[in-house]
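Input: structures, listed below.
Each of the next two complexes has chain A plus one more chain, namely chain B in the first and chain C in the second.
On to the complex of A and B.
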């Protein structure tokens, strides 16, 4: 920290080591993630089975193995601030195959929860919250779907809140109880005005 | 005999018995005088327990005549303290508060004996494993518990009696179960040490897994070439009674005197010796193979991992020892063509039946080896689903000159030589999902590197890819071998393969993995995949294991007596382990352990007699009602009812008794006296604990 190379101040600043992470470690983060996820990222031996199983990885910069590593090392802000955190499709292929019996998907879910507590969340996720609040569905039914259902001899709307809108109230109660809707609205307003 | 005399005296007056049985004279009519010695064990004990407080408290315990402590009681000066104190203070019993008796009980018994007492006048209080180590941060609590432990030990020591270990003779013969490289090596060592050795092999020929391998790492010598001389030696050695196609059927007895029943399975073919026994001089199988040529039944060849056909009458490979054909009666149709082809050698007997043979041996070595883990259970790699995914053992046969393809590596789907081959290390090993094996199978890294070398050597332009998590090149010249093969062009990719996909038309495979060092998922098209499959204990070996009274560890392998200091022994005296049955190991380690086991197994035989711990049960005949209920309870068949003075009483065969206490605990009349764990001794211990020293 205090070591200098004896260069003039501006050059010293320019040559500063900025890529080291050692003092960012937060061991509590590992414990918190393990408590929420109910799985054991500290047992990861970095074989890469998760990333290789991941349908997101070949199409994006999302590396699930990296997030499990960050959980293990307690690299809290590096994990929570990485926008890749939101690219998991929750297909659970990694969880199926992990040889150490870790559930990497649940590690991601835990990290998303912790990120949300800090208002770190993409707006499209918040819009999903709004959609669930108003319709009970993250992806509400639409006309294309309705036509397809009709073709298959199914009712136009499924027997969910679409078929029984009176139950939307219950869903709203849950979202209100955890202040999910309130926070989502607040953050969307902050970002989009 | 002497025992019965002792039993009578025992019940009449215990004090007198002491005198009667004692080899050393003990001061007459004496109050017990116990010496207590506390060990610091460096800081192992003294770090958590206040030794001074312990010593002060011990001095106040009734019957304690002397107290002392020392840094390391097990050291020579520590033992000297015990010897001197016995002589100076007329002690009648010794208590050492130290580690677990498992390690140092024999040490302190010897010291007690050197001091002039019967060695069984010693009692150990475990204040290390069961106290200091588990209560490292509770100084006061640990000290209090140590005082309790010493008080309990003193209570027992005050009532200990002189015991004389019993000597039993050892049969000058040994048995080795399994004739792979481990069993063969152990049998050869025993035989060359002049011991008659029965070598039992369930397969028709010897050599085991090693005979299926092509080359061995890191020297690359041909497996068969280095194995055949040993196989021939085994076949020729006068002291080895080789029994192939045989299994252990039953085991009775104890160290020095195991009565083993061997089931010699009906192989349908007579050896020249057996033929002679039936009066057919010059007859018996000479391995000509005329029978095989005419046999109409075709079955998959298990030795070639089902990649080659064999007949119902067969030998595994051209170099088999013994060179005797075997009929697989499960598939034989008894057409009799082979009998005709065999002609006047009359070697074939289609009506042969299993034969039970009884032998007596002094010691036994288990060398039962391993099987491959059924890797099809790991669905994502598609074994048995995709034709070009093979196990490492199949690869060994495919690359072996005597294998089904004559040593030309080809893809099973179309017989084409592969140009890109992926090797998956840790296939089923280091797997905590509950499907695979949690342990490292230990030799897969090295043989996969060897496989890479073999294809580079045989197929110009081939590219081997090794998907690994860690390369464990731990042995002599192993790391150098890894260096050499990387230099030859093998591609090492640090990532475990997530799944394999197959092109349904070309049968080419796509391997999905994460190149973790580059942090990039990769998709690799290959012609063939070799799974470095995990190993597991041989199927059905549990029956053999239980017959010999050997435990297994959590991972299913047989349990050694001590993982570091007694890796060849087991908890059953006279039974030893060699090779992979104790845990995965490569050929050098297997041979080393086999030699160790042979050496250990030869010791009791060369000594001619073994001492048995005198912990056996004794019948107090006056109290015995002769109900006989204990006889059926005894797990070791050590008890029997005998007629004595016109009534039935129980009698113990001391050599068979292990002192487990089942009978003693059950006996409704309290007529069974468990030596060294007698009821008064145990009651005194409980009292000492519950009453805190008050009488």
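On to the complex of A and C.
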């Protein structure tokens, strides 16, 4: 939806920007992304420094500059439905180099948060959640490692939630507060049966 | 003795316990005592949790922070991913009332409150800090100098980047970890793309393993060109990606490197006279033998 410039109608028609605005644009998306990310994609002048710094760009169609543009133009579904959204390693190279002081990495994180609200999320992200729900650890202990720890003179389980499982219920409380476990289980079931 | 609550994370205690062991012992020799942080959990993984819902990431990390606040101790940790969660959430909640109130609303349900009374450090930065330890003290603690070895440093991403929120200076060509490597008697070696990511972060390792390993392989090619005897890092997740990753690279791409990958604490442990057994180096995916033969 093009914003009007307040000119007389014929002039408005003649001078309206037909390239910049698209029917699919949702200006609210720009605002929401800026709120969650705490950065300023609307300041982007498309120099491409971010893409040039990006380890994922040379080996895929992922272009961080394009996502920043989508944030600016409010191209919500184009951004959220693009599978490349999940190829950012969050290395922050783009953020350290952006001449406009934007944090493109955090733009991606905000978009991923918004995608998750629509159930758009790769299953591996959810499996980390379910592992933490049951043990407190994303990468839990195992028997080979327990034996090795014992040999080192360390307790078989580290003094984390592994050694003190009574702390797990606090973690479950937080995850349940946000209904994250419920949603993760539901989405995993839908995808994997 | 400087005392810290030792935040362990997941990969060090559950995959590379030698790093955990080495941290306690090397730190103690350098005047730093690491205390158990009982009941800590995953930081939680900034890629997975941050991508799903930043608010949940803040609340989960805050629970770990409150455990240390209750001990009245600053946190020391040995993983860049943990640093991203624990340091950054601490920083954000200290400076953003709206976020802190949101988190405390949740923590209320488990009788906790984030107060913002402690600080968070990577053990490597404590080792480097002359007020706490410093390079000279590291050098003086060495009993088995790693003379004659060429060692490259992988800094990783989440310790120093984004640089304007952190306090480490340049993220283009830092050399402070190299100084700590030189203190062990080894020769620190520069290589192409030193600051390139290991490829594992942001959930990419789980989402597209081949894509992720291709980034790792780009670093491996540069390391091979630099003819190094070992790679050192300060992040068990980077370590996993380079160490176990080399096996995956072999399986998937048919390329072999056999480059030993050691956490800086393991390297320091060796230089302070710990044996490979005391460091559980046999748990590494890639054998450290060729490197050990040069130094022991």
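Points worth noting:
Operating definition for what follows: the second predicted complex is superposed on the first by the 142 of 193 C-alpha atoms of A that agree within 3 Å, B and C clash if a C-alpha of one lies under 4 Å from a C-alpha of the other, contacts with A are read in each partner's own complex, and residues count from 1 in each chain.
To be clear about the criterion, a residue touches a chain if its C-beta (ideal position, glycine included) is under 8 Å from a C-beta of that chain, and two chains touch if they have at least 3 such contacts.
For clarity, every value in this text was computed on a predicted model and none was experimentally measured.
In the superposed model, A:149 makes contact with chain C only, not with chain B. In the superposition on chain A, A:7 makes contact with neither chain B nor chain C. In the superposed model, A:100 makes contact with chain B only, not with chain C. In the superposed model, A:48 lies in contact with chain B only, and not with chain C. More chain A residues lie in contact with C than with the other chain of the pair chain B and chain C.
Of the two partner chains, chain B is the only one touched by A:63; chain C is not. On chain A, the patch touched by chain B and the patch touched by chain C overlap at residues 93, 101. Across the complex, chain B is touched by residues 43, 45-54, 57-58, 63, 65-66, 93, 97-101 of chain A.
Across the complex, chain A meets chain C through its residues 36, 55-56, 59-60, 86-93, 95-96, 101, 103, 105, 109-110, 112-113, 116, 121-122, 124-129, 132, 136-142, 144-145, 148-149, 151-154, 158-164, 166-171, 173-175, 177-178, 180.
Interface residues of chain B, counted against chain A in their complex, comprise 380, 426, 430-434, 436, 469, 494-499, 512-516, 519, 521-523. Within the complex, the chain C residues that touch chain A are 8, 10-11, 13-15, 17-18, 20-21, 36-42, 44-56, 59-60, 63, 106-107, 109-110, 112, 157-158, 161-164, 171-172, 195-197, 199-204, 206-208, 211-212, 214-215, 218, 277-278, 280, 283.
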